[in-house]
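In what comes next, chain A is part of two complexes: it sits with chain B in the first one and with chain C in the second one.
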Partner chain A sequence: MPRVSTKLIREAKKVSPLLPYFLRANASLDQAKRELQWVQSELPENQWIEAAKRRHNHEPLQYILKSQPFGSLDIICEQGVLIPRWETEEWCLKLSSVLSVLGMKNLNILDSCSGTGCIPLLLNYELNQLANLNSRIKGFDLSPTAHKLSNKNLHSYTKMYPSSASNVSFAKADLFSSSLLSNLDVRNVDLVTSNPPYIPPKDYNNSVVLNGISRSVRNFEPSLALIGENEFYEALITNLVLPSKAKGFIFELGYQEQADNVHKLMKTRNWNVGLLKDSASNIRCVIGWKDDSPMSALGQLCTFTYE
Partner chain B sequence: MMCVSIWEEIFEKLQNIPRIHPLLLERAESIQSEHDTISHQLSTGNEFNQELSTKFSNLGIIIDIFNQYKLNLSSLGDLLEIIDEPNQDDEILTEALEEIDDLLPSLTKTIRTLQNRLLPPLKFNDKPTIIELRPGIGGNEASLFTEDLMQMYINFANQQKWKWEMVSKSEGSNGFVNEVILNINEPGSYNSLRFESGVHRVQRIPSTESKGRIHTSTSAVVILPKMSEGNENSLKDDERQFKSGEVRIDTMRAGGKGGQHVNTTDSAVRLVHIPTGIIVMQQDERSQPKNKAKAFSILRSRLAQLEKEKEYNDQRKLRTDQVTTTDRSDKIRTYNYPQNRVTDHRCGFSLHDLQGCMNGTKLGELIDRLEEHEFESRLQDLINSK
Partner chain C sequence: MLHPYRVSGRFIASVINLQSKFLFSTSITCKAIPKKHKLPPRPKWLIKEEELEEKFIKGGSGPGGQKINKSNSKVQLTHIPSGLVVECQYSRSQESNRKRAREIMSLKLDEMLNGDKSRTAVVNERKTKLKQSKSKRANRKYKVLDEERKEQKENENEDEDDDELDPEDEFELFLKEVKKE
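The block that comes next holds the complex of A and B.
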């Protein structure tokens, strides 16, 4: 984290006495100005100073403003639950546009490690509210804090879109439990989605320049939602995808090795596996589908498919 | 002897009536037949067709005026016949003359309205508007003037009871405005505001000036037809307007691994339209899809404007005499504060109420003058081109 120059602080002070507080967490004066503007437009005036001080301390803006836009939705954010990322939003929107074009009714979707519940809620909005497909979407998470927050988000979604809210539900369950499916009380699943923790422990303590994570993430976001390696993808496949007879899956990830590992597990079972890159050209998702099933449409999302 | 003088008088009066161009009359006839076809379609069709019935009522208005015109013309003919009759009774003669005097103003008015209605409608004149303002030469004073202009358009919109919204307002590192984009969400507002496109010049003593000298600065105004709503719902439709690879979408994300590793608030989106090189950047919203939707809406408007200008220039090329230029590089208007005067250089009209113009109350008057000026030159174009 480079030191903020006194010159920049002086310039910022000219614009607003609060602006210098936003410089530490932001790369540029412009972005700092924008953050201050968002704070001023979303919070009452008596909370501005406190917000500025919290941001100075690298606290994520999403926790300060208590929300993050996700597609057309506003997701409530609270300490202890991972903030939805724009990469997740991006693949979620791509996925829902493929599924909307496919137009399959009564799809069963299961989302693991749902956190705030952003993925089930956005999919529900796109598929059921806009495309009227009547899919059933269930999300679950191990963390009680996350489970509580996802229900809170569902509650605020219900207020906005009462007609489609009954298609989503959230549960508290452990991905690593062998009786997961019976705990969740689901039988048929068509598609499994997930954004599991994927930062290896060795990168968790590194800085951003060394492939690691930013200070704001390390100090404020829950490590439970961040630290993980192949074991999550293995559990997703053995405890969810295979026993539920799902026809397709899409998992967010951050490393090529994680995708290769998923491919290694699935190729013997006659699954097709591909990769999706995000618009910053980083590897972002591993996607799997069975031939001769409607889920083979997921192949359109892939930028690369394993032979 | 008396007869001759009466005829001279009438002839003089008729001279003052504007002639309607035969081409326009031809157009009126064709509208009449189109109206009949649509009327037939509407009476036989089973389903209610919104588009068709709107067109039907629009054409109906023109035809009403056209009928009024024909009625006025025939009663004028009748009156002239009465006067023409040999050995006409004196009393009847004076009455007929009086009636002609009554009839002529209404005929003039009908002809003007008809001409206005009959000119082929301008492209996009039913659209809402996007106003883009950028300071030109003159440094900080130009930025201050740009804000004054922004306020003028906001005042004007309020005056007209038009809904408006600020799309984005960005400041340079010195804290002065360097770009403002406004939406005027009133359909048809583009038709009156399009005259504002061009370089606006200001002559005044800037508030930053210590020696009391008058400075001249400029600000560029670009008026675009708003082609889409610019929200998430219109985004899909907007994206479909472009071939894949035609628009490059850049998101300004810091390097590194992204995803769970970092937690950024940077939601800026930049669009590059590759065939034309137009760049649009939006970053004011927290949501990236919202920024993207706004950017696409602005890009579509800029392209529509480009297409319109190209069409217009192609038409003008057909004519040899280029009377006035609409080139954006020319200044279109001067705001002279010491003389309390706003002069529009296209129609040569000076308004001696600068405050009235800036608070939006008198801007409409200026626009009316420009509309009149444009109408005359378009009519001239139409007549000359055939």
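The block that comes next holds the complex of A and C.
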């Protein structure tokens, strides 16, 4: 983390006395100005100073403003639950556009490690509110804080779109429990989605330059939602995808090895596996589907398919 | 019913006043300020999705995903036939940035196609004219005030002249009075 130059601080002071506080967490003056503007437009004036001091301490802006736009929705964010990322938003929108173009009705979708509940809520908005596909979407998470927050988000969704809100629900469950499906009380599942923790412990303590994570993530976001390697993908497949007889899955990830591992597990079971890159051309999702099932449409999303 | 002209003398006076102002106006060009509700509409029809190339720029290359929590989302639009490029990142929400970028793009295309008659040109014209008329009115007001102040000052000076007596004159007057006695 480079030191902020006094010249930059002086320049910032000319614009606003609050602006220098935003310099440490931002690379440029312009970005700092934009953040200050968002703080000033979204918070009452008596909270500006406190917000500036918290940002100076590298606290994520989303926790300070208590929200993050996600597609057309505004997701409530609170400390203890991972902030929704733009990469997740991107693949969620791609997935829902494929499903709604094909008009796939009455799907059962299960989302693991749902956190704020952003994936189920956005899918529900796109599939049920906009495209009227009548899918049933269930999300679950191990953390009680996350479960509480996802219900809070569902509540605010219900206020905005009451007609489609009954298609979503959230539960508290452990992905690693062998009786997961009976705990969740779901029978048929068509599609499994998830954004599980995928940062290996060795990268968790590194800085961004060394392929690690940013200080603001390490200091303020829950490690429970961040640290994981292959075990989550293995559990997703053995506890969820295979016993629920799902026909397709899409999991977010960060490393090629994680995708290769998923492919290794699925190729013996005659599944097709592909990869999706995000618009920053980083590897972002592993996608699987069964031949001759409606979920083979997921192949359209892939930028690369395993032979 | 009485005719309004007969009812209020003030009304007639104001009409005459207006006329006289109009007759003796010194300004040569007398263009009206464009009305706010009669501005050209936002040229949304100029945007055709098939002519646009959209890019979402997320600030450089890096690990991304769970490793970083960016709050900005920049949208870059390119209009392929004309080569115009527009960027927008005023909001945290990508959706509103996309909408805003399209608005800006449509205004730019309008400017390119219609020149002086485009929405932005008319809006700017309105702005400058409003400013001019405002400063004109202010100048007029302060001119009158200044004149009034000047007059007041002159009057005061005259009054002072009347009141003040030379000490020598006063002495002579005093002497005269003493002599009479």
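In the analysis below, the second predicted complex is superposed on the first by the 307 of 307 C-alpha atoms of A that agree within 3 Å, B and C clash if a C-alpha of one lies under 4 Å from a C-alpha of the other, contacts with A are read in each partner's own complex, and residues count from 1 in each chain.
Definition applied: a residue touches a chain if its C-beta (ideal position, glycine included) is under 8 Å from a C-beta of that chain, and two chains touch if they have at least 3 such contacts.
Just so we're clear, the structure is a prediction, and the values are computed from it rather than from any experiment.
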Chain B and chain C placed together on chain A: clash or fit? clash
*asked:* After the superposition on A, what does A:Val101 contact: first (chain B), second (chain C), both or neither?
replied: neither
Going by the contact rule set out at the top, does A:Ile49 touch chain B (first), chain C (second), both, or neither?
neither
Self-check item: Partner chain(s) touched by A:Met160 [first = chain B, second = chain C, both, neither]
Solution: neither
Taking the superposition as given, does A:Leu29 touch the first partner, chain B, the second, chain C, both, or neither?
first
Which of chain B and chain C A:Ile83 touches, first, second, both or neither = both
Subject >> Contacts of A:Lys14 with chain B and chain C, given as first, second, both or neither >> reply: first
Candidates 39-47, 57-65 or 255-263 checked on chain B; the stretch that hits chain C is 255-263
Going through chain A, the residues touched by chain B and also by chain C turn out to be 27, 31, 34-35, 38, 60-62, 68-69, 71-72, 82-83, 85-87, 89, 195, 197-199, 203, 208, 211-214, 216-217, 221, 225-226, 252, 254, 278-280, 282, 284
Counting only contacts in the complex, chain A reaches chain B at residues 11, 14-15, 26-27, 29-31, 33-35, 37-38, 60-62, 68-72, 82-83, 85-87, 89, 93, 97, 195, 197-199, 203, 208-209, 211-214, 216-217, 221, 225-226, 252, 254, 278-280, 282, 284
In the complex, chain C touches chain A at residues 55-56, 58-59, 61-73, 89-96
Chain A partner, complex, touching residues on chain B are 171, 173, 175, 232, 236, 249, 251, 253-254, 256-267, 283-290
In the complex, the residues of chain A that touch chain C are 27, 31, 34-35, 38, 60-62, 65, 68-69, 71-72, 74, 82-83, 85-87, 89-90, 195, 197-199, 203, 208, 211-214, 216-217, 221, 225-226, 252, 254, 278-280, 282, 284
